[in-house]
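We call the chains A, B, C and D, going by the order they appear; numbering starts again at 1 in every chain.
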Amino acid sequence: MADRLFGTMRPTLIPTLKQIVEESNTHSGRAFDLVVQGLIILSLIAFSLETLPELSEPTRSWLYTFEVFCVIVFTCEYLLRIYVATSKTGYIFSFFGVVDLLAIVPFYIGTGVDLRTLRAFRLLRLFRIFKLVRYNAAVRRFHRALLIAREEIILFLCATAILLYLASVGIYYFEGDAQPDKLGSMFHCLWWAVTTLTTVGYGDTFPITTGGRIFTFIILLIGLGVISVPAGLVASALGKARQMEESEAREKST
Amino acid sequence: MADRLFGTMRPTLIPTLKQIVEESNTHSGRAFDLVVQGLIILSLIAFSLETLPELSEPTRSWLYTFEVFCVIVFTCEYLLRIYVATSKTGYIFSFFGVVDLLAIVPFYIGTGVDLRTLRAFRLLRLFRIFKLVRYNAAVRRFHRALLIAREEIILFLCATAILLYLASVGIYYFEGDAQPDKLGSMFHCLWWAVTTLTTVGYGDTFPITTGGRIFTFIILLIGLGVISVPAGLVASALGKARQMEESEAREKST
Amino acid sequence: MADRLFGTMRPTLIPTLKQIVEESNTHSGRAFDLVVQGLIILSLIAFSLETLPELSEPTRSWLYTFEVFCVIVFTCEYLLRIYVATSKTGYIFSFFGVVDLLAIVPFYIGTGVDLRTLRAFRLLRLFRIFKLVRYNAAVRRFHRALLIAREEIILFLCATAILLYLASVGIYYFEGDAQPDKLGSMFHCLWWAVTTLTTVGYGDTFPITTGGRIFTFIILLIGLGVISVPAGLVASALGKARQMEESEAREKST
Amino acid sequence: MADRLFGTMRPTLIPTLKQIVEESNTHSGRAFDLVVQGLIILSLIAFSLETLPELSEPTRSWLYTFEVFCVIVFTCEYLLRIYVATSKTGYIFSFFGVVDLLAIVPFYIGTGVDLRTLRAFRLLRLFRIFKLVRYNAAVRRFHRALLIAREEIILFLCATAILLYLASVGIYYFEGDAQPDKLGSMFHCLWWAVTTLTTVGYGDTFPITTGGRIFTFIILLIGLGVISVPAGLVASALGKARQMEESEAREKST
């Protein structure tokens, strides 16, 4: 369809459109990006407002109208992006191509279907938010830091998983009989382990026996150490990434 | 007015006054600073005491007298600062010029107005506290570290905002029907997301369904990683700032 | 027994078996490792499922059958490991030799004994999980970082213990009379100190007197500092370990 | 008294005693230190046991006997330390001299006085615990790191104090009328600010109005940044301290 619409004016229009849609170093390109990103944020706020239980009918219909408007704009944007892409299939099956599609598809599928089922699909609209990340240049340093610390992060995730499991088993053994309704199965205990070792501590489940409390003390002492690891990893990796960037810049200037 | 008062003794007084008011490397300058800062802290404590509900009438009037005394001193200080400033308008419209004015203005405007309305304006008196920051020299290293890590901090704030939004949507989807009074709208869910991802965990709202708990576990695992980022950023930036300072000092000595 | 079984085919089989069981750089070795690790995780999940209170009889018996299957596989694996080990007693008394044995022994001892007593012993089966750690190569950098920061970590643990003790005594003095049921003995206070200084804050015990709250404020200010130490230690040690690795790599290439 | 007791055997005994009491690089010196430190820990445990409310009379008297024994040993140790000190007044008025005295004095003053009053003084016995810190050599690196980061730590403490004050004022303004019993005065609000910004979050006080929750969100975002600062400071300072140590060691070897 996009091909048919813009087909006749191809020779001169495509390079200009491409610049506007895909790059952000010209005035019109920057304006296009700002409008799209602003609309994404507004549609996310509208989604939040829709969940308020005591909304009046006019507000609800106004929000629906705004949603229709957003979907139309995002659909045009999606078609435009396909149109100007150097490799059309390359864009469609890229991460952001899929996200762009998922951000509009639920609306078209949703019409006519029961609203309750629709709600689950509408979550997909949130992928739209990932677009916000697309443009930022400072992501690269983080990306590099993540690559540097990749092995340690996987190791840390394994250690966390093992620690959570051991904490659950321990508390199940100590508190399982004392609080059968709150810590009566491994899955309840796992929930306790997650809220405790992340130091969230909602207070819905906590040990009451002496053994359970001493065990919690020991597991927290180890857990605090584990929790401090990612901070150390990130600090070390960021320092390294910065150093690599500088030495690269120095090499270029030489 | 300040001009008229001190006008006749100008030639010899201004440089001395300027030194006392604006600098803190002489004995009298340091004494002036200490008195003003001490009075600021005392007035802040007095403000805190005023909020106690069961205060007796004599205490209340004593606190009011002290407040009047503070305002008089701060007004004199403000006029003095204008008087000795090299560029009068430069001082008045600088950050601390505005803060100094806001610290005394509510009192003059407040008299005669309803006390309840006044309370909102009295908050402005707190800007007075920023004066405490003015004098410290070690701020500079932090300032430099902030400048170095500026892009990463903005990126981290964006990532935090996106994570909070996604966490809210997820918990709304999992728990919205199970706890309509506590997690029934996106704004309730956002409150849950804030208290959980900062690991505060008041315990007023927490997931109770299995799906909600698994989702909380996953979002906390990611959230812990995000929370460890600023510590890494600050560590990396401070190390860099220290290094820059040293190389500058080395260059100077050469 | 293992000797008798495989005794006749020794000359050609042992080196191949050794490669499969002890190394993971061949296709068959990697497959062996993946199967064993997968089975360990499955048996841990089965253990978790067994703790669910409302399990039906068929599920329970199915889980028991799976447990029997796991124990048989792990026993074969244990015997194989002894068989191919260069030093048989060296393997049996090594950390993982003991863990491998403890992962299967409870089952054999448990049959015929009361199930309630068995439960305590079944915890030992969890040592099986440590096997998961065995194969990972990235552990070494952490190990080195731990060695570098060993003294500081011990010191930090001492400081934490002293701080916890002082916090307990302080809160006992301030709140012991006000909340005799919750903070009436040093051990209750120690529990409060642990949940507070780790910032878990379940909310089951908290100070209510003014003195206790001011004390909590001061101890938290110090405690936050102490809690930030391990993150700093790990960051500093990991940076150092990375640097040592690089200089070693540079020396090798020269 | 110590002088009179050991007076006659002075010429040969003092250097040996000095070595045992003040140093820990000989066998007897290490044994002396270990005995004293073990006794300190045991007496601290005994103090904890004494606070248990349901203690039987025999246990109580046994604990008292142990306390008498500890005080006698610590008194002998104190006199010994004075006796072997090169500068007697130097030791008595040093930090550990005062701590050593405070660890035994309450017992002698306490006999005959009402037990309830005594309890406050017994807290001083806890200073005994500081002795545990005395011997460790790894303290020096931390000490150096603290000296390096001194200015930043003071600045961080000021920033924390200002942030706590501003958070209290804000929540008082937003929630003071909605929850007069929990957040009705600046001091209640300060308690809320402390438990929230340290992310302890007991759950005894939390905002319920929309304004209060948005304010909490903003203050937590800033607070999390502030909380990550000490971790960064410590990491940066420890790295620097390690570097200084190494360059000193290199200079020595040259």
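Assume contacts are C-beta pairs under 8 Å (C-beta built on N, C-alpha and C of every residue); 3 or more make two chains touch, one makes a residue touch a chain.
Not measured: the values here are computed from a predicted model.
Engineer: Interface check for copies chain C and chain D. Shared numbers divided by all numbers used: above half gives same, below half gives different; which is it?
Structural biologist: Copies use mostly different positions to touch.
Engineer: How many angstrom lie between the centres of chain A and chain D, each centre taken as the mean Cα position?
Structural biologist: 44
Engineer: Counting in whole Å, what is the centre-to-centre distance of chain A and chain C, each centre being its mean C-alpha position?
Structural biologist: Each chain's C-alpha centroid was found; their separation is 31 Å.
Engineer: Which residue numbers or ranges of chain A touch two or more of the other chains?
Structural biologist: Where chain A meets two or more other chains at a single residue, that happens at 187, 190, 199-203, 228, 231-233, 235-236, 239.
Engineer: Given which chains touch which, is the overall layout a line, a ring, a star, complete, or other?
Structural biologist: Topology of touching chains reads as complete, every chain touching all others.
Engineer: Using the touch definition up top, name the residues of chain B that touch chain C in the complex.
Structural biologist: Per the stated touch rule, the residues are 199-203, 228, 231-232, 235.
Engineer: In their shared complex, at which residues does chain A touch chain B?
Structural biologist: 44, 47-49, 51-53, 119-120, 123, 126, 129-130, 132-133, 136, 138-139, 141-142, 157, 160, 187, 190-191, 194-195, 198-204, 227, 230-239, 242
Engineer: Using the touch rule from the top, collect the residues of chain B that touch chain A in their complex.
Structural biologist: 151-152, 154-155, 158, 162, 165-166, 168-170, 172-173, 176, 180, 184-187, 189-190, 196, 199-203, 206, 210, 213, 216-217, 220-221, 224-225, 228-229, 231-233, 235-236, 239-240
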